[in-house]
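The same chain A turns up in both complexes below, where it pairs with chain B and then with chain C.
For the complex of A and B:
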């Protein structure tokens, strides 16, 4: 069933079971987001990046647009002061565990963090939060991919897309808290031999944290 | 680098394999199986993770992901003399961090790891319950209060000497 809602004084139509984020996305209204996949129903959305906040009439506080199902006659505001302030703080927290060294990064100019910072008119600094980086800089446990923990924002998209494509996931979160990483922890190199024919995780990674390993002489 | 399996570990793995073979399947059994494996071996080597992963038909990455979340699971064998350095509030204030660092430097392993001869492993623990003696460290079952960096070397040496003495006496008889 089609329903109608108002987003930033614009009237849009959408399917009744979609999320507010998905409705806005289809209507061409941009809401910053990192951890959401277009196929996510409101109930599956991880709502982990805390970037897609919007204000909806009838809700006391800003809510994550990816996790709220649309209702007929909803009035949504995507750019209020409270929303922008939450988004800027969330971005700073993400940047506080991110090595901002864009020039050598393969995601430079295609990076979602850069895009979102630009959209919000915020820099790539993380003040007043302390920058906390991980060691080592590169994790080479995967047979054909390199993982850069200090580029990763732990959105979990690679883990989820891998599970969607293969019914089981070769990538997984490991550790806890500031030490959390995404990684590959199988010792069997054959298990990941097909990874380069799939490449879903590489394509979906918003920051260039997962990259194809180059031969030693190409580095 | 993970330590190679000992002969004892291999025997334990075989027993574990039999126990796992008769266990029920399903994702919900993951943590109970990991607990079973750790009970059998004292830690979770890659081989044990593989047994669990194969039984439940999930990838080992996923098994490792779950296991690494919990402090309960360890990936290095416990040493014969586990060194536990207290990081409770009182010990923290009196420099527990420095004591830990000294043990790490002396034994040339990091916290959570085990020496190649499996004599020592280092762990950080929360309060041991004798804050008046802060900073506190346990070596094996023995508690050492009022720890100082200068005491670390002596403690490690004492354990090693006692081991040599025991070996000499065993050789004599």
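For the complex of A and C:
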């Protein structure tokens, strides 16, 4: 069933079971996000990146747009002061654990962090937070992929897309809290070599944290 | 339900209860002395196993016949191991002895059980009113409590179901089975019961949603993943009276229409796991669990799941993920577990204490329960009061008792003539309240309003020697380590908060740090995904609000008012008090920082000192010459005399 909602004084129509983020996305209204996939139903969205905040009439505080199901007549504001403040803080927090060295990064110019920073007019600095980077710079445990923890924003899309494509996942979150990374657990190396024929995680990674390993000569 | 069916249920229960009572009567009426030993984890940690062995050895050595009866915990942790000796032939009432070491156990067997002298100097009190020995009920720590949940704790053997049944246990279940699910929920609603897990959500509302949820494969889960530092109410309850929780769970299952139940217990509670496993098995044998319970047609059984100790798994959605076999990470709500829980099935999740409160409500009625506590928070609250109090332990009080009454009257106040500074309520999600809040009544809403929260019932009392910055650092360190890493604010935000606090405790605080703590703290509170992230900054935000002067002293003066932060404190020896020739401090110093001055008194080399405080402990009380001071620069410098050539 189609329903109608108002977003930033604009009236849009959408399916009644979609999320606010999905409705806005379809209508061409951009809301910053990192961990959301277009196929995500509101109940299944991870709501982990904490960027897609909006204010909705009737809610006391800003809410993650990916996790709220649209209702007929809903009034949504995507750019209030409270929303922008939370989004900027989330971005600064992500940048505070990010190696901002864009030139050699394969995601340069296609990077979602760059896009969001540009959208928010925030730049790539992380002040007032101090930058804390992880060691080592590259995790080479995967047979054919390299993982850069200091580029990763832990959106978890690689883990989810791998499961969607293969019913099980070769990638998984490892470590906990601040030390969480995307890990690869030494499964069957032959099967892992097939990763190059799939490449879903590489294509979906918003920040170039997962890349195909180059031969030593090409580095 | 027909009258016939009700009579059948009551008759089935009556038969079981009669058997249990007959068995219990044999024990109660036995003329032999009975030695009741508290054997929950707290008792065992204080040496109850050794005490039990000493009793048994002494009894057999002296050829005395007596029952050694292991019971749960009475909640008086300061007095562990607690032993009650009931020796009817001696003419004395049952007597409670605190701190019964193996030596004391042997002595009591000889002098009391053999010679009839109860050794008054070791007695805390009698457990019943009598003419000979003052009763323990004369102490505030006993008589100010109202026990609904913990009533049977420390009285019965948790591993013997008949003791619970003989005491009226499972009677509420029989009553409930004679009613409709709506009737049971209405009773809980009338009681105004609010979830004891922390947030205080109305239990009846949750159950109604569970009842209304579609699906025949509903689940009820008991959340026993207690993880707050300093909180151990759930553990003690499961170790002391597991059947009351099981009974509550069966009633809840009947009310919401669940066919399976699950206990989520931390693996770090091995004794609770063992006792609960055996309790479930015994309940099954007596048909309180299984098929056609007490002939009512209700089928229900319980499994046990051991959590691996992640704090975040106490959050209900993370708990579900962990049972499903995934990494324990919360997801957003709605959908609430009651709509979509474990494996997508409707799942009602209740705290241990909530379920334990249900049988008394069904037994005595919702109105009775509402008569205890306050209008909006009826019933009792169980707190584990720990830290700088004279009588720490588990306390069950009616809601509405003030913090002052709880800490000073019931728990005996602050020991060692120190001043009260703060009380941390609700663990790492709660807040630090100052002395200004001592008259706050203990209930869900008043504590939340003050900036703390009821939480699951951990209460840490702190005296003047605690540094509030360091306490905040401690709690943040905890939440930061226990963060699951899923969402940006909790994963990275708490790290930055902790770094600032660490800096402050090292005396490297800067202008602007406090403002940043507040701004970032509020952002983490607002932006985090789950309840744990949303409450993680609370210890910092509340202590900043109520103890801002301490934070400022760290930054501006390099002074730690609690004299706790090592870089900001120093030890020195007061030469007016130091005794010539005494070497106590010299020998204990691990780094040879203490030297002898020219007049044979002692001095501390500040360059070498690691501030362990051993010299302060070692200095005889008669001299009391070692002084701890903050800021460190205030310590007078005493030159180490040049080494003599030998």
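Here is the rule we use: the second predicted complex is superposed on the first by the 218 of 219 C-alpha atoms of A that agree within 3 Å, B and C clash if a C-alpha of one lies under 4 Å from a C-alpha of the other, contacts with A are read in each partner's own complex, and residues count from 1 in each chain.
As a working rule, contacts are C-beta pairs under 8 Å (C-beta built on N, C-alpha and C of every residue); 3 or more make two chains touch, one makes a residue touch a chain.
Just so we're clear, the structure is a prediction, and the values are computed from it rather than from any experiment.
**Student:** Quick check on the superposed pair: does A:189 touch chain B, chain C, both, or neither? Answer first, second, both or neither.
**Tutor:** Neither partner.
**Student:** Looking at chain A, which partner touches more of its residues: chain C or chain B?
**Tutor:** C
**Student:** Should A:97 be classified as contacting the first partner (chain B), the second (chain C), both, or neither?
**Tutor:** A:97: touches chain C, not chain B.
**Student:** Going by the contact rule set out at the top, does A:43 touch chain B (first), chain C (second), both, or neither?
**Tutor:** second
**Student:** Just checking: does A:125 make contact with chain B only, chain C only, both, or neither of them? Give me first, second, both or neither.
**Tutor:** A:125 sits against neither chain B nor chain C.
**Student:** Report for A:79: first if it touches chain B alone, second if chain C alone, otherwise both or neither.
**Tutor:** So A:79 meets neither chain B nor chain C here.
**Student:** Touch test for A:171: chain B only (first), chain C only (second), both, or neither?
**Tutor:** Touch status of A:171: first partner only.
**Student:** Using the touch definition from the top, say if A:61 reaches chain B (first), chain C (second), both or neither.
**Tutor:** In the superposition, A:61 contacts chain C only.
**Student:** Which chain A residues are contacted by chain C in one complex and by chain B in the other?
**Tutor:** 172-173, 175-176
**Student:** Residue numbers of chain A touching chain B in their complex, please.
**Tutor:** Per the stated touch rule, the residues are 168-176, 183-188, 191.
**Student:** Could you please specify the touching residues of chain C with respect to chain A in the complex?
**Tutor:** By the definition above, chain C touches chain A via 310, 327, 329, 331-332, 334-335, 340, 480-489, 491-496, 499, 512, 516, 520, 523, 526-529.
**Student:** Along chain A, where are the residues that touch chain C in the complex?
**Tutor:** Contact set of chain A toward chain C: 43, 45-51, 53, 61-62, 64, 67, 85-86, 89-90, 93-94, 96-97, 128-130, 132, 153-154, 156, 172-173, 175-180.
**Student:** Quick one: in the complex, what on chain B touches chain A?
**Tutor:** Result: residues 46, 49-50, 57-62, 64-65, 68-69 of chain B touch chain A.
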